[in-house]
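Next come two complexes built around chain A: one with chain B, the other with chain C.
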Partner chain A sequence: MTRISVGKSIFFLIVICLLGVFPLGVGVSIIRLLTSIFMYTVLSQSWNIIGGYTGYISFGNALFFGLGAYTTGVLMLHLHTPFVLSLLASAAVAFGVAFLIGIPILRLKGHYLAVATFGVAEAMREVFNNLRGFSGGGEGLSFPLPPGDIRMVSYQFYYLMLLAAILTMIMAYHVTRRPAGYAMAAIRDDEDVANVMGIHTTKYKILAFCLSALFTGVVGGIFGYWVTFIEPNNVFSIQISVMMVIMVLLGGIGTLWGPVIGAFILEILSDLLISRVVEYHGAVLGFIIIVVVLAAPRGIMEIIKERKKLSFSYFLENIRKYQA
Partner chain B sequence: MVFVQILLDGLLLGGVYAVIALGFSLVWGIMNIINVSHGAFVMLGAYATYWITTSSGLDPFMALPITMLIMFIVGGIVQRFIINYVIRAPAYITITLTFGLELLIVNLALGAWTANFRSITVSYSGARFFVGPFLFPYTRFFIFVSALVLTGLMHLFITRTKTGAAIRATRMDLESARLNGVNVRRIYIITFGVGAALAGVAGGMIAITYPISPQMGFSYLAMSFIIAVLGGLGSMAGPLIGGLIFGLIEALGSFLIGTGFKGIIAFTLLVIILLVRPSGILGREYY
Partner chain C sequence: MAILQGNKVTKNFGGLYALSNVDFEIRPGEILGLIGPNGSGKTTLINVISGFYPISSGEILFKGYPIHSLKPYRVANLGIARTFQVVRPFVQLRVIENVLVGALFGKNNLQAGVKESFRRARQVLDLVGLSDKMDFPSGSLTLADRKKLELAKALAMEPELLLLDEVMAGLTFKEIEETMDLIRRINATGVTILVIEHVIHAVLNLSHRIFVLHHGEKIAEGLPHEIVRSARVIEAYLGKEYAKAYQEPSDA
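What follows is the complex of A and B.
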């Protein structure tokens, strides 16, 4: 396992300290924006573990987000479980469900896996829409209100999401630099060869899926308590599943910092668009997705790496690469 | 008696579903592209039929061929200038790109036409005939017949014409097709155009029977996934049988368990089929 250099660790400490004191000086709306950036960092980095490092593309990771949100919500509302304990339960539920559905579903690949993961998430959305009683069904679920005034509450969620983002980054960093990470990369590059080399591919695929579910479930729980009201169409939405993919694509698939960059850029952009052109926000977002996928499918990390020979022809080459 | 009537209603709806899924699975099967914007094409077709009917006073069934032509051109343009550049890309790239396309189209439509529901009414909207004790609304019956005719024509197009042979050849072996003088780029434009035309004409059929809005498409996309997987890729009969089965399941599920549960049944079915028999009921590798 490689060690991080002293300079690098000091740099990260400074960044983390800056992020720690930053909210004290800015308005609530900016804290809110940063909180959602951290949340999407967790979501896209988690997706990156199964989609980027292992090469198994899921279009249904909102499943774990929704399950996490509902686990925390139901526990807090009905059993009056403390928030942090509920989050642990969310993590356990997400991890467990990923394990159970991972065993059958990760036998599929490519298009079929994409459709199947989408199907599982949609089925769960419909289940929660029809469950009556404790989860509130289609009418949604109201969390208990977090105590404290609005500024204190927004600090709380800022630090919680920041912590979740840091933990996810640490997990992703360690995953890629351990034998398990090498196994995942081998599966992505050529699963048959990996199998022949004696890698227990099924085991590592399921492990990757479970790890990608873990913090997704946790931030689902934090999200629910943060916005205080969730409904199935919201937390199990395909939009959330696809946002994870798009942020990773924008930043750079299979890279450590790509998902962070993607989350920052897309969330800030989306915030700007919503405040300027509410009506055409979705259309502009769609347009950006098309342009990014066509011109830079390997994302910003690749552009940074290739910056020396970057020119217009780099983008042209990208556009031509997959054409008929 | 009620039971049989419900089955018949489901079957009639299944015809429209079959046409939507036919276009979807054609594009998936030939071009290996999961077109997430397929639902948006259904919506565009519905609006095309709506505008043609309301602005010219033409019978909506007469507007359907015009809708098909318009949507064929729209699909061809989308293929030539967007999809063409990702056609060899891995699944996550094509899916993400077409999702972006879906967002773009639906939101532009929302801006242009608002989220209000619109509907086409014709003099025979409520008219119906009886076969024994069973009731058939004229519009739905005509739509069902048109759906069957379209599926048959598509089958003839793919199996009997030169272009159809070129499409099949492209799917089987790209390089050999090229060597034999098939213009692959043109084949892709035709295939995607036909897929969009089928989505569009189905949208028009929906517009004749139900109110339409810019957000109507997404549920048809989810349905296309299910039918394409259920029927299997690689034949015209697959989506037809898949569509009819789906219509039956939907009607039966709503009747026996409740409307809310049809989604659960459908998606659970999707996942189970994928796991047990990913090639579907009639799936083959080639057309």
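What follows is the complex of A and C.
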């Protein structure tokens, strides 16, 4: 059993305190960047639970993000539900939908699961595009404006997303150290053997999917209130689903800190590229992803942990290991 | 009463009968050897007992309770553990974590916590002689060690009935001796064991009784020294001519 040492606890406390006071001294644009980094930390770490720890690659987790955003939006706008309560509802909806679609869909594996999850998210996007009435259809949905001046509002969302990120990290940490986490790892490595060893595989796959939906739904709700306007095409977006996957791959799949590293690097990079070369932003990002997948397919965490040198021999080793 | 009983167990893949109308019983506390030429249905028998394949007809009773329509994890939770002929470690987990999975789930299925299960896993690794490698990535083990790990994973499940599918194949003579000794020690703790083995001298030495499959049918069952004299068994392994040659002197 690994226990968190005193030194480590103090370190995390200091980091959290620094992140706590950090926004007081910087501009609103930097606060906004950090807020979106925290959001992507939640999204990629959540994806990591089903995709990394359990080995079921989903390309449709934006489904839960969109459902979370719309649940919070509709509740706040039409029922005047308090924001925090709406977020709890978003969590419940995301969790429930993951449970319901998980039962049929998690029978699939590999490419089939990727296509099916992608399909469900796209279908939901179309449903919301065509659903007239309370959700606003393709014209989108405007949230009530958060009270306070711009700086105060940006503080609020910064701390909210930070809290969501910390909670997601705690959840991931605990899951991997409990029987459920070992069940998920066993399913990832060899599902048939896991079954033969007494693991109710269906149950743990659905649990992993539900947990990966939970905070994804919550940050969907926070995101909606933060940007104040959502439409189906940007919350049920394939780009969000893909970002989660890429951040995890970049940072290190199936590791606790990989998704955090991935979210930081890609969001900062993406921000820099948008402000400098907006036309080529997508292309440059795509190029970087190709380089990463070729040079370090197990992500940055492996390079840190195993003290790998980014050399030609490491490149060859990876090519041999991961060739088809 | 038998701990495991099969009545007219049949398993066909289309027109191919991997098992046809096989009756068998495993008695509590024994080591039952299962032998037969390649393709005779030995591994299929383990696959149907462990719930890996559904059977086509017949029934399998574990302590009188029908298990032939249960999912593999339910069979495991009841107290039946198996190994795989081609070893299948959880490659991204460390050696001890592989064994831990067995201790966490298996027969006890979440009765013990993670800490307690780690202790159990360590005990099992001690027993099979892998404790010095418990923190190794399981993918880095040698074949002999992987076979030990396969056995450790099954043992950690605390089974009442252990199904061993060729745990000695590919081992050196000395390793076979060690494994035989280990199987005896496991049996001495009260675990009933079914061993499939191609290493004939090992299986004859180890087993209390032997059971022979050929083309999916049971052709003989009995004590080891009876089995080696059975004409049908010799015929199945070596052909008719040998069987005749071997039979004549004793018939005369």
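Here, the second predicted complex is superposed on the first by the 312 of 324 C-alpha atoms of A that agree within 3 Å, B and C clash if a C-alpha of one lies under 4 Å from a C-alpha of the other, contacts with A are read in each partner's own complex, and residues count from 1 in each chain.
The criterion applied here is as follows: a residue touches a chain if its C-beta (ideal position, glycine included) is under 8 Å from a C-beta of that chain, and two chains touch if they have at least 3 such contacts.
Here the structure is a predicted model, which means the values were calculated and not measured.
With chain A as the common reference for superposition, the partners chain B and chain C occupy compatible, non-clashing space.
Contacts of A:254 after superposition: chain C is touched, whereas chain B is not reached.
When the shared chain is aligned, chain B comes close enough to touch A:320, but chain C does not.
In the superposition on chain A, contact of A:242 is made with chain B only, not with chain C. Of the two partner chains placed by the overlay, neither chain B nor chain C lies in contact with A:103. By the touch criterion stated above, A:51 is placed in contact with chain B alone, chain C being left untouched. When both complexes are overlaid on chain A, the residue A:84 reaches neither chain B nor chain C. Look at A:285: by the touch rule set out above, it reaches chain B but stays clear of chain C.
In the superposition on chain A, the chain among chain B and chain C reaching more residues of chain A is B. Vertex at chain A: the C-alpha centres of chain B and chain C lie 80° apart in angle, rounded to steps of 10. Once the two complexes are overlaid on the shared chain, A:14 sits clear of chain B and of chain C alike.
Superposing the two structures on chain A brings chain B to within 15 Å of chain C, judged by their nearest Cα atoms.
Of all residues in chain A, only 51, 57, 59, 104-105, 107-108, 110-112, 114-116, 118-120, 122-123, 125-127, 129-130, 138, 242, 245-246, 249, 253, 279-283, 285-290, 293-294, 297, 319-324 touch chain B in the complex they form.
Chain C contributes residues 50-52, 71-73, 76-77, 81-82, 84, 88-93, 97, 100-102, 104-107, 109-110, 114-115, 117-118, 153, 157 to its touches with chain A in the complex.
Note for the complex: chain B touches chain A at residues 28, 32, 34, 82, 84-93, 95-97, 99-108, 110-111, 184-185, 188, 222, 225-226, 229, 258, 260-261, 263-264, 267-268, 270-271, 274-275, 278. Considering their complex, residues 1, 177-179, 182-183, 185-186, 188-190, 192-201, 254 of chain A touch chain C.
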